[in-house]
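Chain nomenclature is as follows: A, B, C, D and E, assigned in order of appearance, with residue numbering initiated at 1 for each chain independently.
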């Protein structure tokens, strides 16, 4: 039996066993859950090699599963994050209800993500895509009644995307008589013009939904924030990347062959940029860490979309690199929020403050992740951002780069809000008993944060598989021209050597740290955060002077004209209009038997009157 | 090995220069402000005295480890940006790390410090600090836009992201970029007003309202580090402006002259200005300066 | 030959008459007998189907009257698949309704008699080769359906039943008119014979006949302006009867309509008409469904919509399209029956069957809720469940026929469908139980029935090849009109000589 | 046989015309009348009209009953031509058979309908069809 | 090397010079005397030429300038502010009210001698003192600093118990963090 079959049966079997084991014992369930992911990861990386494929057919449709170098980039995200999140969620979900259900759907969504990456044909791609949708949907609504709205939004938009994709798939199938993605790629240049325009649009609708692209993003903040944090790290980190995965394929194989692809690329790139800007602005406006991170995910995906849409090798490189980085830092951050939620029971900035001394490890990993998110060197985020800017500038997207930069600069605002809101500010008696999260939750965060640092100094570790994957997509190799193990180059020949820079930064940092902190610790006295100079007043213990309401009010006032109109309100208006229309329409079923009989008669009369035009 | 020695040497020298020149500038700022206000003013070396006094404070307090690390962050930023910015034209004693840095790296490393300091300020638990930080970050989101626009205009005009290349362009052609790309210069200078946080953009640390904002819990050694880092950073920024707009400098004296000339702009503008509210200043930066930035980009893209 | 198709009609009819008699002897027998009969029929049907797939159509002549004069039963791959489906559904519904409610002996007796009649009629509609005979079977089905709809005395079922009856009898008159028209023109009632002679008819009369057929059969097939009765009847009938409507009766109606349009007359435009009317039905009923507040009514509207989809698939007219239509048909039979069966336990003790009374049932009725969710996923067409394949085959058939607009319309309507199904699933699992309605645990036999359906959904979903071979042959059989005529008529000739 | 051809046509058409008239009356009753009983009567009348129409299809003016009695057959050999010749004057038996079936069905439907009416009346205490609208939309 | 006595001396000299010429003042100005501070700082008298400069918070300040009377209510704040200042720190009592209560000498809720509650390094006499006197007060303080005699903080630390008793006598509902510099 082929290893790919074994992989899938292992994961499916694991999912079902986990589900069943829930009835037997919690420990067994947890062990099975973690083991399944671990075993499949090990199996995937040891036994399944790039280029492996299996053929089979279902009711006459030839299908193929396999893995190529491009899929391997994303499998890195999926499985890596999956392993981390599995450990995390064992601890995070402890004591909650319906865990069999949760783990089952968790595993199914992982399976389907792997399936998406390993599908070489459109039908299994679609099947796995939909499996991913519903399994993640079931997790989104896991938290109960108050998240219904987000669940419905999510499934509605996902289905919109999925149906667009289905339409595209059947169009391709009808035209090429083959379901292989490879065949579609080869046949695309010979499609009729209408197909050439519509297929990318339809596919991009599908992928844009998952990647939370601008007009289709409205589900994302709610869905991300409302699912359990253990899953959100996967949801935002890996699942949304499936949209990027598909988008890149679309851009590489389809948009390239459009008669005039500039407008297309520009539109999508600008949509990405607007997504980034609006996501950032809304993230700044949030008071709940989950919502903040959710909007921030939307914004980050906006950068990635822009990178994909611009489509030069460097831009593609940056998009892929950012994808990996986003998975890492957003995974860490969502996990940190989960840890805080677990330990304190709330994720609102104005409820919990000053956790830095209670949860130092969570703070450190969040700090590293936030620095990476903000794109500040020497962490991984910078590498991606640098490549993105350089690629935009080199490919003459001048205004676009400003837009992206604006989003990126404004991102500091919410970055700070996140750190300040939870960890800094005044310590309160209410949270005095808060302990650091269990080791199973802290370790994944720390590992991922460390990885961010490593990838920031040696981006080549990640860029190497990305380069291989891009070669699969038809790019020529970028190693040496755009990057080396720890160096970055742009198309004009400018370069950033990260290693000496990082040594310099790290060296000075350590120097001053030792000078100021270690020396200072001995000489300075620790006082509580109640001991502050507030006009001689002594804040009482129950008084919390931390500034958390209306945090960025002035800034939001400045940008309010842009934020005034929400996409959601348009959708809601549309939905309400449709519902009113439906209500009006269903009055056809008046409830009176005679009316129905009259309908019958009228129907006959109409058919008789128009019989010639109908059945001529 | 020898190279590393060179780097270290260059780093130390440029740090000392930047520190002393920066502190002097701050002192001169006070002096000039006083003269403008028809006062005698403190001596030009007043800030040296202040710094020494602050460093010699006997006791101080801390609210947590981030309060120690905040100043370290901003110091690192200042030093690293100083290292990345070339001090002199083609001088082998100041190679620093500029051949490895570029403008985008610089842009990002420059925000490292404010963020770190903001963390330090946040740890103190003083509400004024946090308010000041939010204002500062908001303002940063404002002035970064014209600043980046100016830089992008230069980058696309000269097809490089390296500061050294920009300097070489000016040396070779003999024309300063402030004349050949006037709009970019205009936008950059207007952004500089925000960067220095002098009036009218000094709402961040408004002493009467916010009790000096982010620094309100930091006295003594913290303030010493912050002041010296600020001075170094100011000098680094001015050097950067000189490098990319005014053709760099061949020796330290010319550098000091040019930087001081440039420094006069925010200083004098600040002395004669009242104060903007946060959203006013943000909107100001997104108004004319950004317009000039846009013109600069257009100029670069079209000509 | 293990058995002949006539047994499909004779045995259940006999059983229907035997039930009251046996009931006098042993009360439990009224419940057991239908099951035995249906099981026997199912075995027979499956065996025959396997046989038919190899040897070709079986034509059974009743009482020695050869075609085109006498009544004959045609067990072709197409009719065989449908008959097997119906019998299978009948059997599963029997398992379910074995002890559905604690009704007393008399009522159970009536129920099972009517149920057997319903199955007889529906299977008869599918198998018969005579158009008047089909009319008779339709009437048998209808009358037992009226009676079954009105089964519960305490609900508004009489109202629903009366509406059904009004429209049903009106439509049957149109059916009769059509039959008169054909007979007066061609002098024959045998379908194959009509098909072979249809070109002799005047075109106007042909069109007229088709129109009357569409109206007459459209009632059972639930096409748009004629389906006013359907939501009421589905909602008011007992749960298993709703499932039977969705799984058996409608299928028979659709079969009749398709047979008329595909085999009997070559009227141009009927395919397009099917597509248009199917789309209209689909769109309007889905739009009505999303605004429903009562569970069964919602399911009923959804059922109408699904049938519209099936008609569209038939209207595509290619072999692929018919294959997809059959797939959809089967999926609808299984999925919607499962929904009705499990849904009626979810709102078992509720008088008004409001959707919000299902809130939080997931905790109390885990299996039922799970199966309801499964059915919803299947009906909506989520992979990897059975509904997806039907939808996918349908889409690709439509794409091959270059009907992209149709696909777009169907997909946008599917969005609506998705919303209201998932809304219910959400309620079941993630809302707090608010109403004071006591959940009723499903009986063992009900669980067996529902689980069987669930397993079928999963099996077809993961491995559609289980049925696709049969369906391919069935769709070929429907399209190959000449072979049908030849098969039926040659049997007559064969026996004449 | 002292009918003119015209008269023959009149008689033949009169069946159709009557049948259609009856159908119309039945439809009127079923669709317009508000009383359930009248609706049922209308349906029944409609049914009869259809039956009349059906039976008139097979009618041949002054045809004989479709019975091959020994007197009729006499000693003709039963060849196809002979049968055709004999049956030419006969009324078509098939519609009659059909009508018989249809009448039975109509009877059944009417019986069910009336029983439903009784149930409805018990439930709603009215026979006005406009007031029996619990199920709608 | 740093520990060497001579070099320590040099460091001391430099530090004293710096402290002497960089006086950051936290002006506590609820009393009427606060009106004299602006003229002192602005162009007429320009205290900045002596290195005197306003500080925003007690953490940054060297000198606590108490301009006028203190009520029992404000005394608590002043003590708090004083204790938050970082060593070396000095107090300047400004006006007669700080010396002996001045015109409020028999008021029921002002304190009369500031000396009883916190160590004062320099008093500036007058009701109210002119900016010239203020400047002379600063000059006196500079002298004291140079001579190393401005050791109010040390006194406060040594006699903390005495100060506390006095403070607690006049301040009701005392709840303040312990002072343990």
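Please note the rule applied: a residue touches a chain if its C-beta (ideal position, glycine included) is under 8 Å from a C-beta of that chain, and two chains touch if they have at least 3 such contacts.
Bear in mind that the values here come from a model prediction, so they are computed numbers and not experimental data.
Asker: If each step moves to a chain the current one touches, what is the fewest number of steps from chain A to chain D?
Answerer: 1
Asker: Is the number of contacting C-beta pairs greater for A-E or for B-E?
Answerer: Spelling it out, more C-beta pairs touch across B-E than across the other pair.
Asker: Where the CA atoms of chain B average out and where those of chain D average out, how many Å apart are those spots?
Answerer: 102
Asker: Please work out the Cα centroid separation of chain D and chain E, and write it as a whole number of Å.
Answerer: Between these chains, centre-to-centre, one finds 120 Å.
Asker: Find the geometric centre of each of chain C and chain E from their Cα atoms only, then give the gap between the two centres in Å, rounded to an integer.
Answerer: One centre to the other, that is 97 Å.
Asker: Could you state the distance in Å from the CA-based centre of chain C to that of chain D?
Answerer: The answer is 30 Å.
Asker: Which chain A residues sit where two or more other chains touch them?
Answerer: If we look for residues of chain A contacting two or more partner chains, we find 525, 527-528, 530-531, 533, 586, 589-591, 593-594, 597, 601.
Asker: Which chain C residues reach two or more other chains?
Answerer: 162-163, 166, 170, 231-232, 288, 291
Asker: I need the residues of chain D touching at least two other chains; which ones are they?
Answerer: 30, 39, 132, 134-135, 137
Asker: What pairs of chains are touching here?
Answerer: Contacting pairs: A-B, A-C, A-D, A-E, B-E, C-D.
Asker: What residues on chain C touch chain D, complex-wise?
Answerer: 132, 136, 139, 142-143, 146-147, 150, 153, 156, 158-163, 165-166, 168-170, 172-173, 176-177, 179-180, 183-184, 187, 189, 231-232, 235-236, 288, 291-292
Asker: Which of the residues in chain E come into contact with chain A in the complex?
Answerer: The contact residues of chain E facing chain A are 57-59, 76-78, 80-81, 84, 175-177, 180-181.
Asker: Provide the residue numbers of chain A that touch chain C in the complex, in ascending order.
Answerer: Per the touch definition, chain A meets chain C at residues 58-60, 123, 126-128, 130-131, 133-134, 137, 141-145, 147-148, 151-152, 155-156, 159-160, 163-164, 166-167, 169-171, 173-175, 579, 581-583, 585-586, 588-591, 593-597, 599-604, 607-608, 611-612, 614-616.
Asker: If you look only at chain D, which of its residues touch chain C in the complex?
Answerer: Residue list for chain D touching chain C: 23, 30, 36, 39, 43, 46-47, 50, 53-54, 57, 92, 94-95, 98, 101-102, 105-106, 108-109, 112-113, 116-117, 119-120, 123, 132, 134-135, 137.
Asker: Spell out the part of chain A that touches chain E in their complex, as residue ranges.
Answerer: Result: residues 525, 527-528, 530-531, 533, 535-538, 540 of chain A touch chain E.
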